[in-house]
């Protein structure tokens, strides 16, 4: 769907809808520890926000991530996850041992911080992968 | 013929599966091994050990966080696999060099 | 960082794979260096781990610092350590080899290919060193997905082959997961060491029977054990050469290793339904050896011949497991090692010939000994080793298998091994005859013509593996007494 | 008999669902239907694990005020495992669909017989 097919109605609806989707995605990401939710769901929400924009406004959507950027982002997102594990290894812990962070806070809080970090990585990866697959599926002109 | 044999194998396998369900613990049994061996630790301690009141998140992101790294990698793999197949194919002979061009 | 070595085996190639698209975008030359460097680091970590394990006994690495039944642990004993060394070595060699195939590609293709390749390596290594049955499933899926994509990138027929492999492979993985589910239902644990204790009193439960059947079917599909080998010939034939060399070399063996791990370390070879399952596996393997060899004779495409020969060779490994005494197990593990090196070498040669002449059929191999002498020398060694002639590695694994079969009084198995060696000789000497004796037609096709031999990046891996076969053959005595002996159940310290 | 039926009924349903997978993959000739059979099989395994996690008298595995003790919460481990399995199943389906698009573009059909005929031409 690189061509724009939106009408003014779709366009306006999209403008009102996307901020709420993004805020809700943020909420699911941050609140994932306390209720059902977390990185995967938040990533899906962010991804859908971008895909909606691509569907309605085509290639020149205001909230757009190109396919190539998405591939790189997907790698970086998962890399963040792995890198947090490597960080704990540098601080003399085992891989992904969040308690090893040399921060002046309670053990449980350090774990919560680590969980938040990896959830952010997961979110970026899922969002970018959804966009990349969508981009690959809808790109016809190369054929 | 091969199909018939395969169906026979599937039939035999189903039969065996049905007969051996009696070895499984009873449904929803609070005293089953799955409920008493490893999981109590997650329910009792995850709040103080990981700071997460959601036990599933605690298991997913902390106790078995390494599995989740693998899981995220699976998503990444699927993403780049789809892009390789759909976008990065060559225009004329869509294969890696050395593959079977037609 | 020395305490972190087991984690580095997996983490370094994984992180390299994740960063691959970004690095490829910046510089494709850098990408190749990073990927090869990462696999090299992984190989060195595996070597270091194996040396320490041989000196001090099994090494447990706890992810996140959680104690085993609750967290995930890696257990490296001599068996998994030597498998990790083998996998990372083959991966390293094939990664060096793959360079000339991607000269003219865009950054996207290069980045994705190397990312998938490193992910395949990561997945296989993860399956080998893990001590947690569910973690094994996750890495099984990583390696499978990467393998599907790599196979599918070989052209139109490869797409169909990959789709079939995907369907069948996912069935295998689902069977494996349901088998784990049964084990989890009756024990409540996912840790292998914990399962050993908790399964002992339960071995006669019908649920264990189901779990064993599930594991045999699931891993049997993944390792292409005889009646479930349908996906293999097409997948190996149409995949791009660097991918085939690696996949054929180690992927099926890792599944064989998983079966070995479950039967002999987790469940115990003498308990409950395991001996019956092993008998079934043994007969399936015996039939598979004969049928695979006969089918290989009928092929005209060199790669397809090698693919069917793989079905037969997997049969040897399964046969060794089925006989189950010390000699046979040494034979099986040694054959995993030998066959990985031999088959990778042969597929590298096939890819090299394709790269040079654009041909795959055996007839077109005529007179290649003059045009690429070193490559064909390596091919000759690998072929003789597949047949099982004494100074090469292939002889010794078969020798141990025959010794094991004799000790267990399994005469039919001995007949099968000898008969299949004869069949191997038939189809390999056909190729050798073409290479060394037949006259080529005057108009020989040259795709990447010019010089006499392949480029150095392709030649070095081929020769390295060819020499490796001889080295393993000559050094098989120390390999068995210093390493493999401790790798068997009860042999470790 | 009644007892047995009520105790193991759900397991039987799951196993029927599970065996539909291989059966459908062999019996159906359309590649998309084969893929759907594969998905049914994966879902069966997921449900199997989730059933193992259930407990009579247990509630959601999220800590609530004034509710302590192991027996009050269902087992969180299968849920965490199955989140992974769901993602794996989704990824496999994604790759399979990409392959199907390629097959459709090349051969113009997703019926297996027709495709094999065109492949061997």
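By written order: A, B, C and D. Residues from 1 in each chain.
By definition in this document, a contact is a pair of C-beta atoms (placed from the backbone, for glycine too) under 8 Å apart; a residue touches a chain by one contact, two chains touch by 3 or more.
The structure presented is a predicted model; accordingly, all values stated were derived computationally and were not measured.
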Pair of chains joined by more contacts [C-beta pairs], C-D or A-D: C-D
Whole-Å gap separating chain B and chain C, where each centre is the average of the chain's CA atoms: 22
Chain C and chain D, separation of their C-alpha mean positions in angstrom: 29
Gap in Å, rounded to a whole number, between the CA centres of chain D and chain B: 10
Chain D residues counted as touching two or more neighbouring chains: 18, 22, 52, 62, 77-78, 81, 83-84, 87-88, 91-92, 94-95, 98-99, 101-102
Sites on chain A at which at least two other chains make contact: 34-36, 71, 74-75, 78, 82, 85, 95-96, 98, 133, 136-137, 143
For chain B, residues that touch 2 or more chains besides their own: 13, 17, 21-22, 24-25, 32, 34-35, 38-39, 42, 47, 53-54, 56, 60, 62, 64-71, 73-83, 85-87, 89
Overall pattern in which the protein chains touch one another (line/ring/star/complete/other): complete
Of all residues in chain B, those that touch chain C in their complex: 13, 16-17, 19-25, 32-39, 41-42, 62-67, 69-71, 73-74, 76-78, 80-81, 83-85, 87-89, 93-102
Chain B-touching residues of chain C, taken from the complex the two chains share: 14, 17-18, 21, 63-64, 66, 69-72, 101-102, 104, 106, 108-109, 112-113, 115-116, 119, 122, 126, 134-135, 138-139, 141-142, 145-146, 148-149, 152-159, 182, 184-190, 198, 205-210, 213, 217, 238-242, 351, 354-355
Residue numbers on chain B that touch chain D, as the complex places them: 3, 6-7, 10, 13-14, 17-18, 21-22, 24-30, 32, 34-35, 38-40, 42-44, 46-47, 53-56, 58-60, 64, 67-68, 70-71, 74-75, 77-79, 81-82, 85-86, 89
Residue ranges of chain C in contact with chain D within the complex: 134, 137-138, 141, 145, 148-149, 152, 156-157, 159-160, 162-163, 166-167, 170-171, 174, 177-178, 181, 184-185, 190
Interface residues, chain B side, partner chain A - complex: 47-54, 56-57, 60-62, 65-66, 68-69, 72-73, 75-76, 78-80, 82-83, 85-87, 91
